[in-house]
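Note that the chains take the letters A, B, C and D in the order they are written out, and that residue 1 is the start of every chain.
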Amino acid sequence: MDLKMDRAALETFLAREFPQAAAEMTVLSVRAGAAELRLEVSDRHLRPGGTVSGPSIFGLADVAMYVAVLSALGPEALAVTTNCSIDFMRKPKAGQALVAEARLLKLGRVLAVGDVLIRSGEGSDPVARASLTYSIPPKR
Amino acid sequence: MDLKMDRAALETFLAREFPQAAAEMTVLSVRAGAAELRLEVSDRHLRPGGTVSGPSIFGLADVAMYVAVLSALGPEALAVTTNCSIDFMRKPKAGQALVAEARLLKLGRVLAVGDVLIRSGEGSDPVARASLTYSIPPKR
Amino acid sequence: MDLKMDRAALETFLAREFPQAAAEMTVLSVRAGAAELRLEVSDRHLRPGGTVSGPSIFGLADVAMYVAVLSALGPEALAVTTNCSIDFMRKPKAGQALVAEARLLKLGRVLAVGDVLIRSGEGSDPVARASLTYSIPPKR
Amino acid sequence: MDLKMDRAALETFLAREFPQAAAEMTVLSVRAGAAELRLEVSDRHLRPGGTVSGPSIFGLADVAMYVAVLSALGPEALAVTTNCSIDFMRKPKAGQALVAEARLLKLGRVLAVGDVLIRSGEGSDPVARASLTYSIPPKR
């Protein structure tokens, strides 16, 4: 896989196509088929009790995989998630940003498949893992 | 399975424990191990292009299964999602509420397993399906 | 969805293309996008302790969904499973055939998605549930 | 995590508890919470066309995760798979053994979660990935 979009190109693309995601997530690093993103946790991501909500963790995994797909595919706003299987393994630490590491395992003609590990704070055990499939529109 | 909480009890419980979910979702009906919920779609659930975001659909599936679990288990705020596998199959229709039908397939000592179908508008083909596992805390 | 292959056509197709599956599974009934199959459990499906092995249950779910796809798509030997998420919920009863009910939830241009419930003996609680995605080859 | 069973102990345990798996799979290496296994592909694993069947790949992923769980948990014949989500990404090469790399991501009181990458031949792109949850019996 070759790198089709670098970090700056990906952040510009996200800010234009997915402004909500871009407002709260930062692309920390990118390689062809791999990306690391950070989610700044704020009140709107919290559940009662202070832990990060499932939909917020799911959303971070989804965008991290999307960025990994784009890094190897180029700008393709119409790639859509068709499947996600996610395991919630530990409670995120209070007051910590979440960091997602996504890697693309297959970039096919119609499907892209990869997985994501999400940590809460540097070097800690993962709070969640997800595998995702994206459908790639024809005639690109 | 016996019904441990009726619709009124579930709505009161949700409003107290998960006020964010309760503010946008309505419990339409409930039986022991089955629940039907509606999500009123507003701007904050939309992605660019006007379709409902993945995290919003995931969140609805998650709460619908939670309500189905509680209906057969009784009030248990500490049940947590450990796994979700979700297939996004069709684009939701613009301007339609989403309706989720959840059914519990197993209520064990430590795990509850079930699945959810989500439709966009009455009687239409499903936009998503999800299967979820909840972990039930010990010593209840 | 229209019925493209009836029970007799499906059994002939399976016997030719998947003789191993056809030797141990029976198509009990079929509608457009739905199929019911039975697996006769023999020694080669058992794990120590007498329960049916995970791969045998997986294999039944996979073939049941394949038959449901073919019922609505017509004979297509090259459709392949791209994803399966399976929950093992209960131990199958000793000495009982397994029965799988598959339903197709989406038949798209490139992907077919559905789910399967597997029971051990008539009317009993499900021993497993699975959701599967099949990839459909182009130019059919 | 500490190593509770080394390679020799795991092979002895598998041969006694799961003789069918032990007959066709080799534990190549093991660390606490990680294991590498090889499946010698023979006729009984093949589908028409010469590719390895889905149930055979599933079975390898399942045993590889089981070995990774035991490596950190110690001998526990009663740990059972409760969920597996598997992506089939590429056709295995004809005439090649499959190699599975399993890693444990969480070893909790009641659940163990991990994932597996499966390759067909040294250093090649993965043919499948799987994530699995095992339920651990109480009072060990």
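Just so we're on the same page, contacts are C-beta pairs under 8 Å (C-beta built on N, C-alpha and C of every residue); 3 or more make two chains touch, one makes a residue touch a chain.
Chain labels with UniProt names: A, B, C, D = PaaI family thioesterase.
As the structure is a computational prediction, the values presented were derived from the model and not from experiment.
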item: Farthest-lying chain, centroid of Cα atoms versus that of chain D (PaaI family thioesterase); value: B
item: Rounded Å distance, chain B (PaaI family thioesterase) centre to chain C (PaaI family thioesterase) centre (Cα mean); value: 27
item: Cα-centroid distance, chain A (PaaI family thioesterase) relative to chain B (PaaI family thioesterase), in whole angstrom; value: 24
item: Chain centre separation (chain B (PaaI family thioesterase), chain D (PaaI family thioesterase); CA means) in Å; value: 33
item: Residues of chain C (PaaI family thioesterase) touching at least two other chains; value: 82-83, 85, 87, 89, 113, 133
item: Chain-level touch network, classified as line, ring, star, complete or other; value: complete
item: Chain C (PaaI family thioesterase) to chain A (PaaI family thioesterase) touching residues, read off their complex; value: 82-83, 85, 110-111, 113, 133, 135
item: Contacting residues of chain B (PaaI family thioesterase) [partner chain A (PaaI family thioesterase), same complex]; value: 17-19, 47-48, 53-56, 58-59, 62, 80-89
item: List of chain B (PaaI family thioesterase) residues in touch with chain C (PaaI family thioesterase) within their complex; value: 85, 87, 89-90, 105-106, 108, 113, 115, 117, 125-126, 129, 131, 133
